[in-house]
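Paired with subunit B in one complex and with subunit C in the other, subunit A is shared by the two complexes that follow.
Up next is the complex of A and B:
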């Protein structure tokens, strides 16, 4: 049996335990959370479209564009028909101090909303005159893609993949120590390094499928409800590429974080300590010199994300440094760097597993 | 040979074993010692589950630092109850065989054969977590023998076994021992293993206190003063008669008036003396050895005799 066959045998035996471990069931929740959010958003948009289409006059985009400020409410009603919503609010103005006795007529404000099937326009009338209009897409692909990019980098990579890998990889050795079953593996005729790689592969396959799948699912949940024409254009231009990079980033996150937490599970008894240290390291990475930044998993992952997260221009520099990679690497450097960091960590882990002894009494 | 050359193992400040030199030949070897004496540490050292702080170990010429070679020829039934979570008895044995590189068909055949050998065929598809203590012992034994190892290490293998299974298990050890393999097992009861062991290693406080063929160890037991409890009605008369015997080292009243506690340097002479006392018309209701257990031997061997 070659070492590769041994690695695959170990990975295969471990996979079931990794996938169906009660201890890390919450990992699935982390992975599907973004999909739930975007699916909810899509369902909400669909329900609203159906609800609004049934209520008022469904106007055309041309009519919507004709609704301009200065028109009276009656003109609007004649042009566009019955609105989806129509209500009035009466507002009594404050008396001025210099003329407290002056009688002020109450202001009547009327609000109407029309819907053309994709966009809604909110109209505000004062004293019967249209004074404000605000047009919004029910689903805005461009905006949703930015929201997805933000969610992916700030939640999915920093928290979802991070803690998910913590849950999966730290249990590969530490969990077996706690279950008092690690000796079963140590009594197999395999090198400790091979055992480590087999277990790492099991964790990696499981984590990659869970988080890569989660990334793809949430991406589709964001994209599929969009306007079919826009969507088709997106797929024909860079849609597939974006999806591939998001999935790749999630999987590479599992590669990097997985190796770190596997090593941590070998070296340390308490998983909380390495998790906090790692989280701090990853968070403060933007403040470090370039060389140090390259020792961060997140740096490489952010570098290969296809859509940069739009940060408000008025955001403090400190926050910008925390949230965005200071000097993104090219895709090739990012992938290569990440694999390099992973190889280093796995090498350290093989040294640790060679020295690892079975002493369950100290694990309680 | 299994060789320990000046091996010491410490768990932090706690002594595991100290300066152990052993040459264990093929056959059945029993490691005997009280709880915490270092038996499991010796076994874990042999199998590479723990590493020595100093010294060298070789198992049939293979270092425990090379599990990929050692585990091909070695099976170890540990004292640890747990196996892979959720595994059935069959899975437990079968997955171990897959790790040995057997094909699925061969692994299945071997798994069923070894499970049958320990008499667990009916329970093979039940989860190990639901097994009784004795069944867990047997499934661990099945896993240890499934790949037909040259060296079989067994940590307290007779614990929790009923008499019938115990006899079958001992027969299995004898088969292995007779075929030129190593069978190394541990026990804290000397009487339990001396009937089938080719040699015994007595260990206490992490040190080897006696080793050799079972006969020589038995002689060591017999050479040290033995204590007996005599149940008799006329204790003072029996005591005075015993004091006339040269081999009697001590006679004292047993607590709670149970009879007499007698310390003799010669068991055979003591037996004959009791016969004479009984023939003289003094009733002796019963004789019971009080220090036949291995602890008494340690006390003697380690303390340098009484």
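Up next is the complex of A and C:
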């Protein structure tokens, strides 16, 4: 049997355990959670459009544009008719430092909402005057794509793939030690490096399929409920390309994080400490100097994501000043860099597994 | 009497008082947890921020040191609810990591080794057992939260005087009860993870994942549905909002308020307690 055949045999044996064990259940949940949310959004938009069309006046886009700040609530009601929602809220004023004994008058705020069949406008009144106006589409493809990009980079890669790989890859060796079953593998007539690669392949295939599939599913859940004309244009231009890059980013995330967590499971008795360090390192990635940003898995994954994520508008100015994302690497550099780092980490892991001695009594 | 004639006899002697019995578990657990090197390192690192804040308090109360440096600085150097909110935010991160390290080893070994019947055959109820485990975490997490927080508040009172205390006593109460609430929630998450996951390593990851993933999931729901109410499902946000209410800081109008967040925290704590009580039963299943 050649080493490659041995690797595949080990991977095949491990695959069943990774895919179908009870411990993998939560990994599936992590992977499909975004698609559930996007499907929920599509259902919610359909239901809301139906519900709001039957309540209040259905105003035209022209009337909606006429609603300007400074108008009184009565003027708005005369112009636009009965709103879809209309309620008041009394707000307790805060203690004022300059005059803590000043008499506190409760502030009454009124909120109204109108709907024109596609867009909603939220109006906020203070002392009977319109002071805030916010218009938004019920389904907006452009916006949804940005939301998807943000979700993919902030939730899926940083948390979903990260914790999913932590669970899958640490389980491969550390889990066997805790189960006191690793010696069975070590008794088999295979080199330990081959065993390590076999286990890594099993973890990688499972994680890539689960998270790559999850990324594709959520992308489809985001795109399919959109306006058919817009959707067709999107598929004809760069839709397929975007989908492919998102799936590739999720899979490469599994390659990178997987190797790190596999090595951590081998080298350390408690791999939680490096996991915490890595989580913090990846979280503060944007605040680090350019060179250091390139030492993280996330930098390369973000480089191949097709849509950049804009900074949140409510982010404090100081944070915006400190945040300096490094220029994204080219796709070739990103993929090559990730694979290179993975090869290095796996090489270190093979050295560690060669010297590994099992002492079950110290594991708990 | 011959040995073979000695049957079971109930102990009729005097019992140690209830609280004393409950404190046996924390006494041994604290010793074991504090002997871990990582916990010591974490304790030391977590004290850097309180020391910096103490320097800030000193500077804020010695106007002569920064006179003539502009009016903006006066606002920046004010010791108020906002200052203590930032302090509490930073310290709570350390407390979370500490809970992820110290919490999982509290219940999992007892379950794995079928040790619960040994505890419950003594004069100790399930409630006592859970409470004593909570006291373990309360003691450890207080070292990075309540203790430095109250010292900082005490320092400010000491420098600024009794008048400042009369006007701002609620800040001290907010630090104490705010941290107590935080410790309660984090400890329940850690103990439930420990009860349901037999591997300490995985249980530790689960504690972190609980907070990070719920934060991510809540933000995702907010952005996808274009709503703000999902922030209440983010334990970190919910705790921060309750703290903001206690510290008398403005809360954004369009986000969930103190009551919504407090209700969510109560619900989540109730759920975790129920899950814990369900798991901690002195039975042994023989297959």
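Quick notes on this one:
Following the convention adopted for this analysis, the second predicted complex is superposed on the first by the 256 of 364 C-alpha atoms of A that agree within 3 Å, B and C clash if a C-alpha of one lies under 4 Å from a C-alpha of the other, contacts with A are read in each partner's own complex, and residues count from 1 in each chain.
We adopt the following convention: contacts are C-beta pairs under 8 Å (C-beta built on N, C-alpha and C of every residue); 3 or more make two chains touch, one makes a residue touch a chain.
All of these numbers come straight from a predicted model, not from anything done at the bench.
Once both complexes are superposed on subunit A, the partners subunit B and subunit C fit side by side without clashing. Once chain A of one complex is fitted onto chain A of the other, the partner contacts of A:34 are limited to subunit C, with no touch recorded for subunit B.
Shared-chain residue A:62: touches no atom of subunit B or subunit C.
Looking at the shared chain after the overlay, A:13 reaches subunit B, while subunit C stays out of its contact range.
Which of subunit B and subunit C touches more residues of subunit A is settled by the count: it is C.
After superposing both complexes on chain A, the closest C-alpha pair between subunit B and subunit C lies 7 Å apart. Here subunit A touches subunit C in the complex through residues 30, 33-34, 37-38, 40-41, 44, 91, 94-95, 97, 100, 109, 136, 144, 147, 150-151, 154-155, 158-160, 163, 166-167, 170, 174-175, 178, 270-273, 275-276, 279, 364, going by the rule given at the top. Within the complex, the subunit A residues that touch subunit B are 1, 5-6, 9-10, 13, 17, 21, 179-181, 183-192, 194, 355, 357-360, 362.
Against subunit A, the residues of subunit B that register as touching in their complex are 11, 44, 47-51, 67-72, 76, 78, 80-86, 95-96, 98-101.
On subunit C, the positions that touch subunit A within their shared complex are 38, 78, 80, 97, 100-101, 109, 112, 167, 199-202, 204-205, 208-209, 212-213, 216-217, 219-221, 223-226, 248-250, 253.
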